[in-house]
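Next, two complexes with chain A in common: one pairs it with chain B, the other with chain C.
Entry: the complex of A and B
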């Protein structure tokens, strides 16, 4: 039941949003002149030679715009720390009873989880390592690895994960990531790019892409595992 | 036409934020806005017949890789921010005994 005063507010809100949409459509007509394909052509011409990555999306977020990815990793770290801090999760506590009930989980689910778990883990690692030549990369592969490890909760409820250790590893991974991004100042004289000079050829540059993809994958997967564990322990 | 539809979805999220009485619904509205923003950005560089930006052979027509690289970070950030908001919702429920905006803004315990 909606009161009349509330109804008037809602109708005026709809008209306001309609006005915003009208201005968006008006400003969108000359959009084709503002947005052009110059950036796309640049990446198509120089992307492979500059970075050694066949996947241009990986080339952008690991080389051209590495600064963005670094601060994205920082936001991930801050959000995970925030979830840990807000939740009443005692870090010293080890064998917490989880929300999942062994009696209610179907036996079929447990059996298939056992079968699927190694395959998912392998697939996640494949996606992380082949991030520069095929669709994938650190972010997607990290999410797959986190899902594979979280399936362990279905297999054995008494499994525990030390969240304190995970947070510490994640902080060191972030520092390591920042250091690797900084090395390029000493080897090439530029901040936040590939530290292997492009004169050494594409095969050498791929090493850097492997390293950063693995680091980002580890960071994302550890963060997601820590968040999920915090929610499980909150639901006791 | 497609970017305008994405913008309509963003406005639906804003309407939901303004009118929802439940905290969890507000969190979902933020998620709707975020998903619509991802759609909007992915539409910018895409066109019919464009291939994925992976250079498997020479002379292929690709879509713009820059919006995709920006959105890949947005997805990860969005998931973590949503989880932080939901964890705060749990804490608010433990403190006030309710997740209705009215009860919380009144300040009862």
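Entry: the complex of A and C
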């Protein structure tokens, strides 16, 4: 049985959402203004010269729209912190002694994981470092590295990772990322863009892309490792 | 040619999405989620978005299914905390009977029995915070074992009916009613 006050709340919420949808639809009258190729032409023409990145996606998320990328990294940090908070236990679990934990992984799977693990790690690093030349970048490479380290758990289940330390490192990396993005104000007078002036040439600008891709890759991989470590350790 | 492949993959994607919704077996659903991620990644490549495809392969078809596998295998465990002081009392025969009952019970419901010992803390906190399903305590005055678990757990009701005829086991429940609004 729903209480009357809660019913009024729900009905008003539905009307509010309907109103938002209505205004959203009537605001789109001229579709030619929205769907055109102006943005695509601009990035194809200026992307390489402005940022030094051959991959235009990297050019956008590390230079033109760095502000968005920073908050994307922040959202991942908030998600990881939320998972940590939910799975946190007050009781000291160090004296937990599980006697009958016979979670045996198949031998074939372990052997293949051992073969695959270094290749995956190397591929993840390749994707991170070559983010400005080939498809990929910090987020994608970080996810691949995290998957490689997840495989490590299947090789040896007793492996322990200090989750709180990982979370602390991730927080400092996020702070460092913000600082590097902020340097451009002193060197070029603009917020959140490449701190190396474009007059120094494309080869110098690439250094910034390397640095930021590696930072984002490390942050994303640490965040994902923290998430699945929390899932693995939940209730132990 | 490429358009035909894209069309076929899109139809396959819809079919797999419907299968994920209507299937009953959890581990099969995880395989389908993985396949869904792979097909979506292929579609991204066909539509010239290789950056998104790499992220989709790594997250959609590797990390998320593995997290699901971990969570579901956690739910299939039957975690028992043994708090009987074996040095103080001599009860080898009774203990083997108790564990016989627990093993049969776990096998019957295809759960994995996980026995642990030596965790400190109050019973109420342990069942709430650490997902422990059952705590075994020995009562020396009445010469019987006491099984303690959450009152909301289905396992406890079934254990009660099973151990009705055993005089040396008593099943009691701990109130764990959470107040949510």
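Just so it is clear, the second predicted complex is superposed on the first by the 186 of 236 C-alpha atoms of A that agree within 3 Å, B and C clash if a C-alpha of one lies under 4 Å from a C-alpha of the other, contacts with A are read in each partner's own complex, and residues count from 1 in each chain.
Just so we're on the same page, a contact is a pair of C-beta atoms (placed from the backbone, for glycine too) under 8 Å apart; a residue touches a chain by one contact, two chains touch by 3 or more.
Bear in mind that the values here come from a model prediction, so they are computed numbers and not experimental data.
If you stack the two complexes on chain A, which partner ends up touching A:57: first (chain B), second (chain C), both, or neither?
both
For A:35, decide between first (touching chain B), second (touching chain C), both and neither.
first
Which partner does A:162 contact after superposing on A: first (chain B), second (chain C), both, neither?
neither
Scan A:144 for contacts with chain B and chain C and give back first, second, both or neither.
A:144 contacts chain C only, not chain B.
For A:14, using the defined touch cut-off, is the partner it touches chain B, chain C, both, or neither? Pick first, second, both or neither.
Only chain B; A:14 stays clear of chain C.
Going by the contact rule set out at the top, does A:135 touch chain B (first), chain C (second), both, or neither?
A:135 sits against chain B and chain C alike.
Touch check for A:48: first (chain B), second (chain C), both, or neither?
Once the two structures are laid over each other on A, A:48 reaches chain B alone.
Is A:231 touching anything from chain B or chain C once the two structures are fitted on A? First, second, both or neither.
A:231 contacts both chain B and chain C.
After lining up the shared chain so the two structures overlap, which partner does A:127 touch, if you call chain B first and chain C second: first, second, both or neither?
The second partner, chain C, only.
Let me check the overlay on chain A: which residues of chain A are in contact with chain B and also with chain C?
55, 57, 135, 137, 139-140, 143, 224, 227, 231, 234
Which bits of chain A are touching chain B when the two form their complex?
10, 13-14, 17, 20-21, 24-25, 28, 31, 35, 37, 39-40, 43-44, 47-48, 54-57, 59-61, 65, 68-69, 72, 75-76, 79-80, 82-83, 86-87, 133-135, 137, 139-140, 143, 220, 223-224, 227, 230-231, 234
What residues of chain C sit close enough to touch chain A in their complex?
Against chain A, the touching part of chain C is residues 50-51, 53-55, 58-59, 62-63, 66-67, 70-71, 73-74, 79, 113-121, 125-126, 129-131.
If you look only at chain A, which of its residues touch chain C in the complex?
55, 57, 89-93, 95-101, 103, 127, 135-137, 139-140, 143-144, 146-147, 150, 224, 227-228, 231-232, 234-236
Once bound in the complex, which stretches of chain B touch chain A?
Touching chain A from chain B are residues 3-4, 7-8, 11, 14-15, 18-19, 44-45, 52-56, 62-66, 68-70, 72-73, 75-77, 79-81, 83-84, 86-88, 90-91.
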